[in-house]
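In order of appearance the chains are A, B, C and D, and numbering begins at 1 in each one.
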Amino acid sequence: MSDTTKRTLLEVKGLTMDFGGLRAVDSIDLTVSEGEIAALIGPNGAGKTTFFNCVTGIYTPTDGDILIHPKDKPTRRVNGSKPNMVTTLGMARTFQNIRLFPDMTVLENVMIGRHCRTKTGLTGAILRGKAARKEEQEIVESSYTLLEKVGLGEFANEYSKNLPYGAQRRLEIARAMATEPFLLLLDEPAAGMNPQETADLDALICRIRDVEKIAILLIEHDMKLVMNISDTIHVMEYGKKIATGTPQQIKDNPKVIEAYLGEETEA
Amino acid sequence: MEYFIELFLGGLTRGSIYALIALGYTMVYGIIQLINFAHGEIYMIGAFVAYIVCGVLTIYGFHGVSILIIAGLLAIVYSCAYGYTLEKVAYRPLRNAPRLSPLISAIGMSIFLQNYVLLAQTPDFLPFPALIPDFEFMEPIAHIIGSPELVILVTTLVTMIMLTVLIKYTKIGKAMRATQQDMSMARLVGINVDRVISTTFVIGSALAAIGGVLVASYIGQVNFYIGFIAGVKAFTAAVLGGIGSVPGAVLGGLVLGLTESFAAGYISSDYEDVFAFGLLVLILILRPSGILGRATKQKV
Amino acid sequence: MKNIKQSLAVSLWFIFLTFPLMVVKVNTSDQLVQWRWMNILWIGLATFVLSFVWRYALARKEARQMAAQSGQDEQDKPSRIQALLEDQSLRYKAMIALLIFALAFPWVFDTYQSTIMISALIYVVLGLGLNITVGLAGLLDLGYVAFFAVGAYSYALLNHHFGLGFWTILPVGGILSCLFGVILGFPILRLRGDYLAIVTLGFGMIIKVVLENWSDFSFGPSGIANIDKPGLFGLKMDIAASTTYIYYIMIGLVVLTIIVTARLKNSRIGRAWIALREDEIACVAMGIDMARTKLSAYALGAFWAGMVGVMFAAKTTFINPASFTFMESAIILSIVVLGGMGSILGVILGAMILILLPEYLRAFSEYRMIIFGAAMVVMMIFRPQGIISNVRQKYEFKGLKEKSENV
Amino acid sequence: MKRFNLLLVALVVCVSLASPALAADTIKLGVAGPHSGDLAPYGIPAMKAAQLVVKKINANGGVLGKQVELLIQDDQCKPEIATNTATKLVTQGADVVLGHICSGATKAALGIYKDAKIPVMSPSATNPGLTQSGDYPNFYRTIASDDMQAKLAVNFAIDKLGAKKVAVLHDKGDYGKGFAEFAKKFLDESSKVKVVLFEGITPGAMDYSSIVQKIRRAKADVLIFGGYHPEASKLVAQMKRKRMKTAFLSDDGVKDVSFIKVAGAAAEGAYMTGPRDLSSIPLNAAATAEFKAAYGEDPGAFFKEGYSAALALLNAIQKAGSTDYAAVTKALQTQYVDTPVGKIKFDGKGDAEGVGFSVYQVKGGKFVELK
């Protein structure tokens, strides 16, 4: 599998986002291809999460193009699309500060993810016809399968607020996967995890790419994890992209060392 | 033109009372994100205490200005005491409860206080003495603006200035602003958050009491129910201006008062409340966090 | 000893607090002051005793919270009532018993009891309807009574002008109300939490003002009288018979509401509502259309209010704008919150308690509202989750069961 | 099993609550009206009147040799509660009902009494439709209806005050708006005056300065207001403050001592319609004295109407010789009875013959009847 044969899934061109006078993201270009794990790194406040928010429709970018190329469907520009549209089109995300639905069970959290792929309406829900019951059964089963995949099967009926921290992060991933995305955007999935949990996460992310065939774009501060699993790394600083390359290239890039790794050694 | 000026001054008078009460809502909301539904009742209690004190003093032979001062002061003292107790009893135990709980508690407190006054005193309307004298020099323009209106406008202005100074320059003011920005951070830097919250209630109550006494002596009557209507309107004003913002509450009060006055004057008072709430909806559609409210981008 | 001192301080404070209002009563026209010194004693004694109870209750509540924090399991352990509720067989038995009781009610008790029960049932449906909007979707609505008014007036007006019957209008009233919900819902979709609260409160007031002023349409404040009671194949019924008939229609409506809301709660739509309540941003990021979900919650909540509004007009045979005040909205909201947000059983209990209790407390009618207000506060402080807290459905799987049994 | 026991207990409690008091052989007089809440001042005097009447009649041997029993029910003036109280009175076996107080509540309750064939007499519900629509054959009242009041007020404004331009305001309420609409109708019928303003004011609003300015701009020489005294006293106070000379003319809802107390000096010179002065009727003086002796204060609103209604109802039963609906109806419509509001009987629609209104003016802090 050489790079040329891979289909591009997400193509961002010249993305810019201003907050008042502050330019949080400054003409960023970035692509993610099929079967790829891409990482977006950079010091705190570099504009990574803002970039995510623009791509997933939570913010409307000031300038630039966000194009997605879903399989078997025409290319679409998603600037300013509502977040739910973006998710329906096939890009799902997790959040930096976990945003689960605390008073719903673990299973129900995942079932929410199935929402945009199912269609029982009000009448269906009230009458509970055959089609509605079948779909409900399908939702429960597929959600449970996903839970098992992230290793949370036994907690299915717990309230999500009662899960340990690491499990909550994994649940967020399962919930995002339930929307059947072709690209998964993970915002600091390893934050707050202990080494063992991080190692599990490492394996999980790779499994998602390899088994589920979902490409991944992730923001992460844990360099070990990033270097381990990424195919491509993009580095941001002060809203600008300063480097792109394989882990090895990034490690050797003097600009990156100065901007990012340099800072870390000082810290 | 004269008609316009009359309506304008009428609206300004009404608006400044709204503003005085709205400040209480906005300050409390700014700090603990609670719609203090019972705030209108504090205003009513202020007016009622003033009525009782006036009655007693008049009967025991006091005169004029001394009554005004004593009644005003006692109204403020009691309103503050009620505001303080209200927070301690009905809201403090709910500091970490689900968001709707304190609101329901506030509605309950509002019903409680209304009926408390009804039972302890009377459901009737009572005559409130005209504490504000008619000034000689106002007589030529009395048909445009009377002495009470003038006193209301001046008092409100002075109160606002004092409040601004308090918030901007005093230690407790700074603590209040810090708590508003970030409660846990304020606690970390050694601010006694509980005391700040209590103080906020006390200040808000004092403002409401001033409003209550002014209104009661302006329109000449008190009743246990006056707090509810004034409270709803003042709360509307606070939201209009951007809840949580002190200048917003003042602006919202004035805008609301003027809108009502002009709507009643030029269109019809049949739909006075419709105009008030229509304006609110309109402004919130255009600016979801009110005129001066900061658009708080939720952190994602 | 310390406690006594503290309570003494509390009671002194309250004596001070209540002094002008409780002790002094002036009669300005006759220049008389009435000093009711005895009240000091009562206030002092009552607050002294109450402060002990209060402290004890608060301490217990705190202890419970501490326990819950230290051991997570403690928190999960459902209360005894909840454990009872989850027992399937018992639940069915209880449901059947309740249904039999409900059906036998008009034959056991007199007509007056049935009328009271109809009132309570009307509030049950209102509570369940508002529960969709507030309890499930988390959209605070302080003007819910507006939809109730829409339903009541649709029946009253259509009946008055066109002689349309109850059964025709029952769904029409619901649907009209529903449309109203959507129309009102649109402009306020962007608003959050407390802003929503004040705008809905405004809507409630606007509806009332319009009904009062637009006399050509609504007959103004004098209202509409002689609305037809529900008909049964043109049979003529006396009060007792028609009350019983309305009672059974109401029971039917309540059962329908319960079934529908229970099904919705655990459906795709219901989950979307709850997700919206829990976290709006995460909810849309999971592909849920916020506008649609919010509007559907609004419209469905309004639907029940409309239906039961028709019922209300048919029961009282007279309506005027004075029946649709903010107080009603506040009472319905209290039913939902006191009963337990999102919990169907809780809301039913809440409605029964809030509506029936005052009926049977007529002896204390003067003190009814003050007790009502105080109860709301006390309830929120000591049981903020309501009488019965909401429990999510549990799903069972092959494989999972054995696993959990082994653990 | 424990649960079922609990249910059983609940059942027993309910039954015991529900079972009506064992019916003794008495004449049952139902009394319904607002006895709690903010409207209680309008309902309690009539209730106390009924208590006084019943006490006196029972002391004198009762009606038809039976003691009279009072069934008192609070309707809070709310239509939906009024239907419940009406049902309760019907199930308790009330023979006649004195009430309700508010027109809305009365309308809502009447259907139930009608079905149960119970005559109802209100001391205070003045809505014209109650008698004129013909929908409520079982309804009577000891007070005249609003349109009579409005007619009187309008004639007074035109003939005595020489009004050319009239402003008509109301409080958007059932009573006030009804009165104002009738006033407007009668004014429009006359060619001598023009209605320059017809508007509703918001009860409980903080002030009425804009509307007062509006009246001034319209140069109205008379203001006719339909509503109650709290709004009226605010209006007159603000008009005085604006140094306006517009005459203030209002309805019976304003003719309440509270109006003079609250509005004080501003009330001087205000006109209002009210039931004819009855102080010359000996029974009226006696009833008032009775009330004062019992409660130590002046009776409030609708006391004498309530007293009269209780007398009229019980008298009709006495004259009819039974509590039979038809017989009582006949007695009410044919037999004159002496009451504090005069010697009355009722016409076919239910209005009392011989009850009327006069115009009053506030002079020296008192209501003075203008002849």
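Going forward, contacts are C-beta pairs under 8 Å (C-beta built on N, C-alpha and C of every residue); 3 or more make two chains touch, one makes a residue touch a chain.
Everything quoted here is computed from the prediction, not taken from an experiment.
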Exercise for the section: Kindly work out which chain lies most centrally, taking the average of its C-alpha atoms as its position. Expected result: C
Practice task
Based on C-beta pairs in contact, work out which chain pair has the most and send it over.
Solution key: B-C
Problem - Distance between chain centroids, defined by C-alpha means - chain C, chain D (Å) - result: 33
Practice task
Round to the nearest whole Å and give the separation of the Cα centres of chain A and chain C.
Solution key: 41
Completion exercise
Chain-centre distance (mean CA atoms) for chain A and chain B, in whole Å, is 48
Fill in the blank from the handout: Per the C-alpha means, the centres of chain B and chain C lie apart by a whole-Å value of 29
Completion exercise
For chain B, residue numbers touching 2 or more other chains are 126-127, 270, 273, 300
Practice task
Could you tell me which residues belong to chain A and also touch two or more other chains?
Solution key: 58, 95
Practice task
Would you pick out the residues of chain D that each touch at least 2 other chains?
Solution key: 37, 172, 200, 261
Completion exercise
The chain D residues in contact with chain C across the complex are 3-4, 7, 11, 14-15, 17-18, 20, 35-37, 74, 78-80, 83-84, 87-88, 90-92, 103-104, 107-108, 111-112, 115-116, 127, 129, 135, 172-174, 176-178, 181, 200, 261
Completion exercise
chain C contacts chain A in the complex at 72, 75-76, 260, 263-264, 267-272, 274-275, 278-279, 281-290, 296, 300, 390, 392-395, 397, 400, 403-404, 407
Problem - Residue numbers on chain C that touch chain B, as the complex places them - result: 13-14, 16-18, 20-22, 24-29, 31-33, 58, 61, 134, 140, 187-188, 190-195, 197-199, 201-203, 205-206, 209-210, 213, 281, 326, 330, 333-334, 337-338, 341, 366-367, 369-370, 372-377, 380-381, 384-385
Practice task
Under the touch definition given earlier, write down the residues of chain B that touch chain D in their complex.
Solution key: 3, 6-7, 10-11, 13-14, 17-18, 118, 123-127, 142-143, 146, 148, 215, 218-221, 223-226, 229-230, 233, 260-262, 264-265, 268-270, 272-273
Problem - Parts of chain A lying in touch with chain C, wherever the complex brings them together - result: 56, 58, 82-84, 87-88, 92-93, 95, 99-105, 107-108, 111-118, 120-122, 124-126, 128, 132, 135-136, 139-140, 144, 153-154, 156-159, 162, 175-176, 179
